[in-house]
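A single structure is presented below for examination.
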Amino acid sequence: MSKNIWSKMAEVDRRVLYWVMFVALAIPFLSPLGLPVPVTETTKAVYDKIETMGPKNIALFSIAGGVSAWPEIAPSMVAIMRHLVKREVKIVVWGFFVDQDITVDMILSNVPELTTKYKYGEDWVYMGYIAGAETAVAQLAADVHAVFKADKYGTTTDKLPLMQRVKTAKDIDLVLTVDTGSYILYYIRHWNVGKGVPVAEIGIAMQADMIVYYPVNLIGVMIGVRGGAEYEKLIGRLAEGTVRMDAINVSHVLFIIAIIIANIGFVMVRRAKK
Amino acid sequence: MIITGRAFSFIVLVLSFVFFYMAIQLAKKGKAPKIRRMTAMDAIDEAVGRATEEGKPVHYSPGYAYASLSSEQGPQTLASIGILSYVASLCARFDVPIIYNTCIADSLPLVEETLRAAYRNEGKPEAFDVKSIRYQPDQSTYVSAVLGTFQREKPAVNMMIGGLYYECVVIGEAANVIGATQIGGSANIHQMPFIIATCDYGMIGEEIFAGSAYVTKDPLVTSGIAGGDWMKMLLIVVTVVGVVLELAGVKVISQLLGW
Amino acid sequence: MSNVLRRREIILFITGVVGGLNLFEYFFAVKEVAAVASTIRTWVVIISAFALGLGIITAFRVHISHVKRKTKGQWPFSIWLMGFFVLLTLIGIWNTKFIVYDWTFKYVYVALSTTLYAITGFYIFSAAYRAFRARNIEAAILIASGVLILLRNAPIGEAIWKGFPVLGEWVLMKGQVGGMRTLTFVAAVGLVAFGIRTLLGMERGYYGGE
């Protein structure tokens, strides 16, 4: 092959790359691969923890991710909610993103048991949005009622039976933080360290570096679409996460092939120059 | 009196202050500790020079940083604003327009004051245009605004320093498309590979905090970096000793950490 | 009056008191101090909410200027932005369940946000293609580790060879943990140093001054 071919391999126009990626990701829609998804230790740990919980326990579902991250975190959110409802765990929901109402609506439409089986105010509550990032998380650990005077729908906190049991971080048995960034660290710092509240992370693929806190500070980590697909397998209800694993398969393989081609081109060009 | 589990942290904090004080005292005596050059910070002059030659603006953004100063990302934004002060001074000096895109609402007064002060110090207060600060309320809108800025205004330089998230790779690649020189930096570990992949000069980990001191070129301030490094060395020694003792079955260090 | 309030000494005093109070409250169990620090943190939450309004004012300032100057290719979009903002704000104040408001968020905002987030995948692809070259042995090791993690993450890795997920799992759970913890640790110490410089008034970023 001529030197020109190697140069072309090393410097493919990015628009060609985008088209290749687009076409490759479209293939699983036409012909699903349906490969099995092995369950990893960090996801199993979250499942095992919730399996030990029941109607006497309270879980905090903290939404710290926007709708833009739904493709990665929505399967995990829905699967975890289904599991919590199956175990009849009481659920407190609050969040830090302005578009979280849409996320809550999405969860309600996918987990109708929250409205049919659960009683609002007694079995679950949605406290709404709070600004303030780490300061808010720290303040919530100390005194929830000082931060949330009323829930999302205007009912004062002292009138919500479930919130009578939740005053500080120590009243929560498990924190599930749906995260696209650093909120997991806030919960680790202010809820886990010192107060000993178990914390689990439901994060995007970029949150893989949170593994460093497992198992000391985090009882489990669910990363990206894979985490959602694994959890769906564990609860025995395959859904969006499993479907999206095909796209993960294709994109990852494409990525590896691209890196190999780029490096072959790079090495051959360097050799030709010598 | 000290809350259980925080005594060791308190000792570390006190020692940090002590090392800081020692470093400053050395600087006052004219024996400022030497710190290595920071390539990314040194590249700022070169980058602004390039923008001057090409007659194109400099684009600066602090990243998403959770759109708030009240987070662990807040210090990164503040460090970024510290670096912005230096960049703005250069831009004012060489009459290079600066475009600042942000989605961090509570930093806006600080940014405006920083830019205004920079132009004032360069003797060109009338050159400051408050409309060079562009706010978008959300991460997605901020990213699309930056992409639009690159396409329309084609800055010669892109600096993204602060609490970067997924916008790092998007903005970085978009800047590469228009051929801009890039200086990036973030303490967010998950963005490290993208900064290195997309930027010509990068700062990772605590370099952005050091960078805001480095650009002042004030020995008293830069000596603080050395103070922090001494603290790191002490903690490394504690870690190594702790690992060795732990392997030998002596748990004194791990008990000390939890004290 | 505003010039007096902007004096550096006042800013440093407030920073020192608030910072010192919160540091004290973190380490020492004193009820009175905890109550004051807690109140201050609540104030921060409120101020953060107000900052959103400040941001909107800044945005409007820019766009009104574009409309006044009739900036080519920009001013119609500025009108569109401001008009849409006012309309949705009024509808939202009236009734957030109104179909226009609900529909705009669910089918315009969500779709656009997700699209922009999805662009990341394409950009990572082109960035990786351009930058992930095995220029030296360290870069080659880095690329190899990255490939193992990819094959661990995608079930197709196990379908190709059962050893890939095992190796990838090792890299993720053991191989990189030491390095990542080191970076976290180093960043934390740098943050402490930055905090000390801020409390001592050596940082000017937080008050925007000279």
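Observations on the structure shown:
Should a chain be cited, it is by its letter among A, B and C, assigned in written order, with residues numbered from 1 in that chain.
Methods note: a residue touches a chain if its C-beta (ideal position, glycine included) is under 8 Å from a C-beta of that chain, and two chains touch if they have at least 3 such contacts.
Note that the coordinates shown come from a computational prediction; the quantities given were computed from them, not determined experimentally.
Geometrically, the chain at the heart of the complex, using CA-atom means, is C. Distance from the centre of subunit C peaks at A, each centre being the average of the chain's Cα atoms. Work out the mean CA point of subunit A and of subunit C, and you get 17 Å between them. Centre-to-centre separation between subunit A and subunit B, using Cα means, comes to 28 Å.
Centre to centre, using the average C-alpha position, subunit B and subunit C are separated by 13 Å. Shown for subunit A are the residues that touch two or more other chains, namely 14, 66, 68, 99, 131-133, 135-136, 208-209. Of all residues in subunit B, those that touch two or more other chains are 3, 6, 68, 70, 72, 137-138, 140, 166, 173, 189. Multi-chain contact residues of subunit C (touching two or more other chains) are listed as 44-45, 48, 52, 113, 116-117, 126, 128, 130, 132, 180, 184. Within the complex formed with subunit A, the residues of subunit C that make contact are 34, 38, 41-42, 44-45, 48-49, 52, 96, 105-106, 109-110, 113-114, 116-118, 121-122, 125-126, 128-130, 132-134, 143, 146-147, 149-151, 153-159, 165, 169, 172-173, 177, 180-181, 184. Residues of subunit A that touch subunit B in their complex: 14, 66, 68, 98-99, 131-136, 180-182, 185-186, 193-194, 206-209. Note for the complex: subunit A touches subunit C at residues 12, 14, 17-18, 21-22, 33, 35-38, 40-41, 66-71, 99, 101-102, 105, 130-133, 135-136, 138-139, 142-143, 146-147, 205, 208-209, 211-212, 224, 226, 245, 248-249, 251-256, 258-259, 262-263, 266-267. On the side of subunit B, the complex with subunit A involves touching residues 3-6, 64, 66, 68, 70-74, 137-140, 165-166, 173, 177, 188-191. Residue ranges on subunit B touching subunit C, taken from their complex, read 1-3, 6, 9-10, 12-13, 16-17, 20, 68-70, 72, 75, 77-85, 103, 105-106, 108-114, 117, 120-121, 130-131, 133-138, 140, 143-144, 152, 166, 169-170, 172-174, 176, 187, 189, 192, 194, 196-198, 204-207, 209-210, 212-213, 220-221, 224-225, 227-228, 231-232, 235.
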